[in-house]
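One structure follows; several queries about it will come next.
Residue numbering begins at 1 within each chain, and the chains themselves are lettered A, B, C, D and E in the order written.
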Amino acid sequence: MPEPKIIGFLCNWCSYRGADTAGMARLKYPPNVKIVRVPCSGRVSPELVLRTFREGADGVMVLGCHIGDCHYSTGNHRAAKRMPVLKKVLEYSGIDPERLCVNWVSAAEGERFAKIITDFTETIRALPPLTEEMTWTKG
Amino acid sequence: MTNSFPDLEEAQVILITGSNTTEQHPIIATRLIKLQDKGAKIIVIDPRYTQIAQIADIYLRQKPGTDLAWFNGLMHVILRDNLANQDFIKERTEGFEELKAKVADYTPERVEEITGIPAEKLVEVAHLYAKAERSAIFYCMGITQHTTGVQHVWQCANLAMLTGHIGRPGTGVNPLRGQNNVQGACDMGGLPNVFPAYQPVTKDDAREKFQQAWGVEKLPAEVGMTIMEMMHGLENGKVKAMWVMGENPSLSDPDINHVNKALQAAEFLIVQDVFLSETAQLAHVVLPAASYAEKDGTFSNTERRVQRVRKAIEPLYGSKSDMEIICLVARKMGARGFDFETPQQVMAEINQLTPSYGGITYERLEELGALIWPCPNGEHPGTPFLHKDKFARGLGLFHAIDHQPPAEEPDEEYPFILTTGRIMFHYHTGTMTRRIEKLDREVPTCVIEINPADASRIGLNGKNKVRLQSRRGELIAEAKTTERVDPGVVFMPFHFVEAAANILTNPALDPVAKIPEYKVCAVRVELAE
Amino acid sequence: MDQRLEALLQTIQKVLPDVDGIIGLKVNAAGHIAPHLFRKEAPAELDGLAIWPKYPTPDTLRLIQKAHPGAKLGMVVRGCEERGVVEMFKHAQVDLSNISLIGLQCTREEAEFCRCAKPYTAHAKLTVGEPIEGVPDPVTEGFLAKTREERLEYWKEQLVRCIKCYGCRNVCPQCFCNVCALEDEKWVGTGWLPMPLPPMYHLVRSMHMTAKCVACRECEEVCPADIPMAIQYRLIAGDVKEMFGYETGVSMDEKPPQLLVLAEGEFERTGLPH
Amino acid sequence: MTQTSHEEVRIGVYICHCGSNIAGTVDVAEVSRWAGLLPNVVASHDYKFMCSSLGQELIEKDIQENGVNRVVVASCSPHLHEPTFRNACARAGLNPYLFEMANIREQDSWVTVDKGEATKKAQALVAAAVGRVAHQQPLNSLFVPINPDVLVVGGGITGIQATLEIANSGRHVYLIEREPSIGGHMAQFDKTFPTLDCSACILTPKMFDAGNHKNVTMLTWSEVEKVEGYIGNFTVTIRKKARYIDVDLCTGCGVCQEKCPKKVIDDVFEAGLGYRKAVYTPFPQAVPKYPVIDRVNCTFFQKGTCKACEKFCPTGAIKFDQADEVITVTVGNIILATGFDLFDARKIPQYGYGRLANVFTSLEFERLTNAAGPTGGKVVMRDGVTVPKTVGIIHCVGSRDKNYNNYCSAICCMQSLKFAHLVKEKTGAEVYQFYIDMRTPAKAYDEFYQRIIHEDVHFVRGKVAEVTDAARNPGEEGKLIIQVEDTLVGKQRRIPVDMVVLSAGLEARADAKEVALKFGISCSADKWFIEKHPKLDPVATMTDGVFVAGACQGPKDIPASVAQGAAAAARVLSIIGQGEIEIEASTAIVDELACVGCKECITTCPYQAIEFLEDKQKAHVIEALCKGCGTCVGACLSKSISLRHFTDDQLVAEMIGAMWTMKQFERAELEAQNA
Amino acid sequence: MEYKNVLTTCPFCGTGCGFFLQVLDGKIVGVLPDKKHPVSQGSLCVKGWNAHGFIYHEDRLKSPLIRRNGKLVEASWDEAIELVATRLGEIKAKHGPDSIALLASAKATNEENYLFQKFGRAVIGTNNIDHCARL
């Protein structure tokens, strides 16, 4: 079984720094997630997430600041409103909504970050590769 | 088409060949696909694994240019397994024995060798098609654009007659006409050998009828030139002047390097079009024509359904409808019989002279929406399916045909078979559709299809540029790798002037219909950079 | 003449003197019906007044208003069309200050055709016909009973037929963007049929219909392949209502929820981790 | 997105070893070799320390000599060295926004066990950066002129300090305070720890200075209603509440207060322990000296008769018909010093505050010990006469308690020690300190602690479970019993006392969220204002031109608050000194051709940075207000709005770079398996 | 202020789908499918939906063009019609009717094709009439 391919969109202020914090603490976690830095989780449009799946990602993460801690005041509120709907769209399309991880990591939460990454990688590992699911049945 | 859409809803088996239906006739395709929900089976036989092939219940992939063989193979199996409709053969056809003898040699195994279609699949299709109560054949240019195009059409007819799948709702042999009014242009006598309604110019009574109606002393009795002959005529000086109404042979005809040379040789070339087409750029006079939205008239679709075109706006930018232009020139030349104000008046004349359109008047079209010809008089409801009780010639004639290879086959120098066609997002030479922003955005330029195995053999990596060469010319285009085509085959759309497929195509013609072999020619494919 | 048509005609004639024109349906040619602007100065046109099949008239309003911003217009609306107009108003696409809505209540037969939960108007002051209760949507309910794997299979069966006509987008009264994300190669691959999986076109469109779809089912009606995509829009509308308490077309001044900050309790209802 | 220039993209890639930090785990040479094969990459190097001057010179040389026009450095986190390398690019004449960083240390070499995997991840991250940088566009920063006037919100010690710093430098300050007088909490205190200075003695002169400074416009009894604009250019709408006093006529003589017949319990300044009149100044040293009429309690306003004050006012300054006045001021910078609220001890019922008479809050105790307070500085029980014989002081009330506030309120330990000292000094009573941990980390603080230990104070380490008057034995009769687990001896103890002082924690102001919203800044979950960086930029906020200082940003004692007030002033003065200021270059931009005017971006923008152009019916970004969060981009369905430096093209290219690499490795692995 | 829908037939393939052209103040602003159409049944393909997209294209020919000194230059309709009539007359007279060939159009209406072949046969006197049915 091939290794899951995962892209994480991390906000610059909290979760990306949380990832740095995990690094500074030398916490080990699986290498599957490749991080793309965005200014705010509110910047992550549903299209961007979907395009990442189209590109062959088995899982996509959107990590932002904890609700109430957004450096852009309420940018992450928008993520917290859009992403659950996107999960529903995936669900209704027959794509496992677990493939989209939406969570919150503060700059201080290196351990939380490493745990979220590890858990999500395991979750995705348990699913078949998305590209395998995304082939036409006919023909 | 022998049949029309509403009656075709009753088909139980639909055999589609040589038609990328979802892209070329999308709305016909989706109507057929929807029949699957009601239990109908779709069979697609095509060298390309197109969308309709993917949707089909059975898909067979033949090597390009081997269609005669699999038709014979199907008929072989039908006869071998006693699935032929003997009553129909007896009552309605002739020439059966010759056919029977001919197809006897075409065992599924032999057909597999020629076509690459697995023998057992061929048998399955033969049974499915023959056993169903109502089976319909659909074909398009993939069948006709061959040097053996007419024979392919005969084969379709053979198959339908052999099983009696003709002359009833949900059956028939249904060619899908490519252009919006190609049916009408033929019906109206836009052909060198016939007057409107296929009345031969060689027949005295036909000529007399038209001479009288048009008030001329003598109409020419010899069959005129086909397009390809006109091009030759221009080159050898027999043709001096040419008037092109809304066509673009500079892009649409095979071997266009040659076509352009011919057009340039014209002493006087008139082109009327909506845009300055590639052909218009060579003209001596260019006449701006109104678009379909700026005029009234009728189109006849592939079902023979005559429908209205309605003027939504006045002609733009000082253009004139083709009708007005023709009348102006004719009157200027002192001709009588061109004093029409409206297309409705023209239709009244057509009603008089064209038996199959006899009852198709604007009044009736306004009331009924559409009429399917033959519709000989004002009371006739139209004819949704043909050949109900007898064929036009009386008995249906079987044609016994052997497999023949295409005019040009791949060799060491030109190892690939090039097959050309259309894509969903453009129409014909792209004169209109490439100027429609939304369509252009979808497919802005020519992309050829090549099998991944071939792609890696020639060192193509992803979406690189390739050079295609044939004995007639060469071009550079983008390539996309896809299993849609077999190894050894490349597909290319012909809409794009910057990579005009017809630079490469072979002008070899079907001897009867004079249709060029667009679907098969030999090319070389290599990396462009 | 059909009773309802007669009643509608009378109502229109009542409104017509006070407006510049009325948007409704008309028999245009050979029995074929389409939207039309009935003008005060051409009352005879009303002989061709029609009520079925329905068309996306909110878009007609938008087109006319763009050219004639101040025009006083009447408009015949069914429940879905009224919701459509309301949502377009919220997105600053139409101005309702000069518009008189004439509500046309749907019949049971029409509601069943549309599997409509709200076949009646709520804002129109003048109405024609008796409002009826919504009808169930067996298609959507049947879909909900499927497992995830079955859903995936189901959509593959459906979507392989999609010929990318953009009809669902074109006909949708809530799709008024100048530039559409569905036409952008960046999001939806272009030029290839059937469209590759994952079905970006339909995924993106489903997302864009969030808190916008007014359940008029025009998209399904124009679909050449009979793809029942409204299933998704309807389910999502249910989720949006549950999570954020938003229903399309209900109130004129409520903003779409995904644009706003989380209100009390909403975060808990999203099911996201804390 | 169209490329502005058609010049060929030439990318230089630089892989940092970071000593062995990276090179010890990642095969840097392989990454460098491999990166050299990526599209548009013309130079690829690995080097020991890219951030060293030699490393930076490598980049500069490639830009200047090898035509490199895009730069990727794979090293540590961009939060560390992005500015370093951007500067290097700029020095070599390359727009700094044509630089991109791949984080292969914090997010790769330090967190990945397997070296092969770490190398592959580095390759994916480098390919992502290479893909992205090809789409990056040069950006130029926008400059806006700075209005040198400053608004300071909050007239506590922090705000006063900030005001004076700025005013003394010659700039004009609007100091706004919602109470009738400036002074804040500090004015309520008696002594300050650890020096035990008299609070009033050190505060009053500063209040006076601020109130009488020629560069200060003081607006007390006033509140900010609306803030518009952006750094350098704020327009602030302020409501001056009606005082019902004509300040031009009032001399502050105090006759009105004397004559006013209406006594009101003063639960603001006196913490409910004392009285004031309906017309009042909160305390005698109030600045300004003018009183206000408390409309709710004024007999005239309530019953229509009285007017005693008016009758006796020697200058006729009483104006019952005065109305609120709304003014606008324009300023370039804003300092928020809105302070804190005290934790409401009633929320912990088991401590008995509000139920048991002799449980006091810390603020009440401050007033008790204050010589100017209701008891004249006598420490007495609620009856006003009895001097307690034993006093229990409970720490961490509402702090370090997951039921209330998780954080440490920073001041309670020292405050409690101060209380212990004052009790001892004034009553000689037995004093018990109930603490969880003793935290005395600032200058001279621990010394103070040591001093109090030696003052015979009892220290009980443990969280108090309950304060009760239910006696279990005669010794407890009439006492308040403090039930606590003494964790040092590991025993439950019941300690009877006469008086309990609850050292209540500090909380953000109850209206902190609304205030934050008004000023476009953010609050943390516990409602403290969020600074730009907790260590390196503690007084700035994410909203340029808006600063925070003092206890509104988090619990603080007086020295820290004063320091922050001064720091904020220094930041503001530095901005004013620049004359104009560079604002965020990564801002949103509307494609007007595509925009359909649906206003979704306007609704969703957290900064009101998008306006609607009525004439064009299009959205438009006010660049100076835009913070570059990109929330609008996430909302715009037609993608008519994009965020510079985080465009869809850039993010997609970055994602594709990473995905492409992962897929390459996957394919190679599959082929290897099949072979 | 005028808004109407004009029913017409799609010009982009042989299927013959029906649609309405939406006309607002004399300008075509869009396409609407015809829900009662017997062929297309309320559907269209992408070409049909965009069939109005080229009508106002700036590339539209704005006047007749005549080649002078090797270049196509604008001319009046009178000039152009005169030239066509004269030259066709001359060539017919000099080289006979069969030296003239006509390409009718699978994109033009029945009426126009009828007139065109009538012109060829009755006015020019040739059967050299074809169109790209085969292409």
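Here are a few things to note about the model shown:
Following the convention adopted for this analysis, a residue touches a chain if its C-beta (ideal position, glycine included) is under 8 Å from a C-beta of that chain, and two chains touch if they have at least 3 such contacts.
Keep in mind that this is a model prediction, so the values were computed, not measured.
Considering the contact criterion stated above, the chains in touch with chain C and with chain E alike are B.
Path length between chain D and chain E in the chain contact graph, taken as the least number of steps between touching chains: 2.
Greatest centre-to-centre distance from chain B is found for D, with centres as Cα means. Between A-D and B-E, more C-beta contact pairs join the chains of B-E. Look at the CA centroids: the one farthest from the centroid of chain C belongs to D.
With centres taken as mean Cα positions, chain B sits 52 Å from chain A. For the pair chain B and chain C, the distance between C-alpha centroids works out to 39 Å. Taking the mean of the C-alpha atoms as each chain's centre, chain C and chain D sit 47 Å apart. Between the CA-based centres of chain B and chain D the separation comes to 75 Å, rounded to the whole angstrom.
Under the contact definition stated at the top, the residues of chain D that touch 2 or more other chains are 604, 606, 635, 639, 648, 652.
Counting partner chains per residue, chain B shows two or more touched chains at residues 26-27, 30-31, 54-55, 308, 310, 369-370, 424-425, 438, 442.
Among the residues of chain C, those in touch with two or more other chains are 29-32, 160, 163-166, 181, 186, 194, 224, 258-261.
The residues of chain C lying in touch with chain A in their complex are 143, 148-157, 160, 181, 186-187, 189, 194, 196-200, 202-204, 206-207, 210, 231-232, 235-236, 239-240, 243-244, 257-262, 266-267, 270-274.
Residues 20-21, 23, 26, 28-37, 39, 53, 55, 60, 63-64, 67-68, 71, 163-167, 170-171, 221-224 of chain C are the ones touching chain E in the complex.
The touching residues of chain E, when paired with chain B in their complex, are 6-18, 21, 23, 26-28, 38-41, 43-48, 50-57, 59-67, 72, 77, 80-85, 87-89, 91, 94-95, 97-119, 121-123, 125-135.
Contacts from chain C toward chain B in the complex involve residues 29-32, 160-161, 163-166, 183, 190-191, 193-194, 224-226.
Listed in rising order, the residues of chain A touching chain C in the complex are 46-47, 50-51, 53-54, 66-67, 74, 77-78, 80-96, 102-104, 130, 133-138.
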